[in-house]
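Some structures are shown below for you to check.
What follows is subunit A paired twice: with subunit B in the first complex and subunit C in the second.
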Partner chain A sequence: MGVEYEICVTSQLSNLSEIADFVSDRAALTGLDERQVFEVQMATDEACTNSMEHAYEGREDGEVRVCCYLEGNDFVVRITDFGRPFDPNNVPKPDLVSPLEERQIGGLGIFFMRELMDSVEFSSDPVAGNQVIMRKRRRKAATA
Partner chain B sequence: MNGAQENGQGFALTLSGRIDASNAPKLEQDLLALHAQHPDTLIIDLSDVTYISSSGLRVLLMAHRRQQHSGGQLFLRNPAPKIMHIMTLCGFDQVFAFL
Partner chain C sequence: MEIKTEHLKRCDLITLSGRFDSSTAPELEKALRTSMDEGMYRLVIDMGQVEYFGSAAIRALVIAYKECRRWNRGDVRLANTPSNVRHVFELAGLVPVIEMYESSTLAVGSF
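Coming up: the complex of A and B.
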């Protein structure tokens, strides 16, 4: 594992843009192309939104840590919060098949995280908190 | 919301910048108010939108439903390729009408 870069913010939704800038900058610096940077930014935004809205249930004084690093050829984003334990299996899969009028709205955030990243892992621990670790494979070798 | 104006095709609303969970509720309120005034044709111009999260997409979907329920239509105009990429991933490209 290489150098880790971390940003720590309170669980206010207004901090999402600062997180997006941080992750986009780090992803671009590690050689991800423009499309990949956008995808990493979106997956991170969705994960952090889940932390703020669901783990902290809208409380704005929680802690959200976003850490980026390179592991082999993967750009890795680790998001940590200390809110309510989160089980992704309890989130219904989004309805992408029914006609628009009949669609249930929900589950899109986790759907995007899984679609946009090469891997997404969730864990929950009383001490380490809730963690989401997402990986994006670089298309070609680049220096950090 | 950054601007709204009537044109020959309907009432057009121009959005810009990021649409995420922090400002999606405000957008929802703005679109609710616009729907009350313009239940027929509403156009949302996305040319200057740099990012939209699932929260923003949900707001657009709700607006689409409201317009349809009142017998009107919602059109999306000029999404950037990366925004269109996101809409295609979740199938919204098939359910929204684009100008």
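Coming up: the complex of A and C.
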């Protein structure tokens, strides 16, 4: 594992843009292309939104840590919170095929994370907290 | 993030710029709600300056889309959608459901 870069913020939704800038910069510096940088940024934004809105249930004094590193050819983002344990299996899959007028809106955040990244793993531990580990494979040869 | 609403003869033109994440999506919801509360259900949203449009913003958009189209009283149409945002709309199954135009002039003219 290479060098880890970390940002730690409180669970206020207004901190999402700072997280987005941090992750986009790191992703671009490790050689991800423009589309991949956007995808990583969006998946991270959705994961952190889940931490703030669901794990901390809107409380604004929780801690959200976002850590980025390179592992082999994978750009890895690890998001940690210490809120309510989260089971992604309890989130219903979004309906993407019914006429839009009939669709229930929800479950898009986790759906986007899985679609935009090459892998997404969730874990919950009383000490280590809730973690989401997401990987994006670099298209280019490693140069960073 | 900035939202500007112009009242045109046949529709409202809502021009967005910046980031629309869970922190700013409520402002979008409010702007769309204001047009609908004023009885305007034909909305054009110019996305040209949008940097990011997350799931919370998509929810706000879909809520307005459903409400505007109820009883065939209107529609929500998009203009200048950036390719990254369009990519997300494709994943969310919104393409080709929501009408998209290359310019706000074309979108406004479609009403």
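Quick note on the criterion: the second predicted complex is superposed on the first by the 144 of 144 C-alpha atoms of A that agree within 3 Å, B and C clash if a C-alpha of one lies under 4 Å from a C-alpha of the other, contacts with A are read in each partner's own complex, and residues count from 1 in each chain.
Everything that follows uses one rule, which is that a residue touches a chain if its C-beta (ideal position, glycine included) is under 8 Å from a C-beta of that chain, and two chains touch if they have at least 3 such contacts.
Remember, predicted model here, so these are calculated numbers, not experimental data.
Peer 1: Quick one: on subunit A, after the overlay, do subunit B and subunit C clash, or do they fit? Just give me the call.
Peer 2: After superposition on subunit A, subunit B vs subunit C: clash.
Peer 1: Once the shared chain is lined up, is A:Ser14 touching subunit B (first), subunit C (second), both, or neither of them?
Peer 2: both
Peer 1: Touching A:Arg35, do we find subunit B (first), subunit C (second), both, or neither?
Peer 2: The answer is both, since A:Arg35 touches subunit B and subunit C.
Peer 1: Mind working out whether A:Asp61 is in touch with subunit B, subunit C, both or neither, as first, second, both or neither?
Peer 2: Neither partner.
Peer 1: Under the stated touch criterion, which partner chain does A:Phe112 make contact with: subunit B (first), subunit C (second), both, or neither?
Peer 2: After superposing on A, A:Phe112 lies in contact with both subunit B and subunit C.
Peer 1: In the superposed arrangement, what residues of subunit A touch both subunit B and subunit C?
Peer 2: Of subunit A, residues 13-14, 16-17, 20, 35, 38, 41-42, 45-46, 49, 52-53, 94, 96-97, 99-101, 103, 105, 108-109, 111-112, 115-116 contact subunit B in one complex and subunit C in the other.
Peer 1: So in the complex, which bits of subunit A are touching subunit C?
Peer 2: 12-14, 16-17, 20, 35, 38, 41-42, 45-46, 49, 52-53, 94, 96-97, 99-101, 103, 105-106, 108-109, 111-112, 115-116
Peer 1: Sort out for me which residues of subunit B touch subunit A in the complex.
Peer 2: Those residues of subunit B that touch subunit A are 18, 20-22, 51, 53-55, 57-58, 61-62, 64-65, 68, 82, 85-86, 89-91, 95.
Peer 1: Provide the residue numbers of subunit C that touch subunit A in the complex, in ascending order.
Peer 2: Within the complex, subunit C touches subunit A at residues 19, 21-23, 52, 54-56, 58-59, 62-63, 65-66, 69-70, 84, 87-88, 91-94, 97-98.
Peer 1: In the complex, go through subunit A and note every residue touching subunit B.
Peer 2: Those in contact with subunit B are residues 13-14, 16-17, 20, 34-35, 38, 41-42, 45-46, 49, 52-53, 94, 96-97, 99-101, 103, 105, 108-109, 111-112, 115-116.
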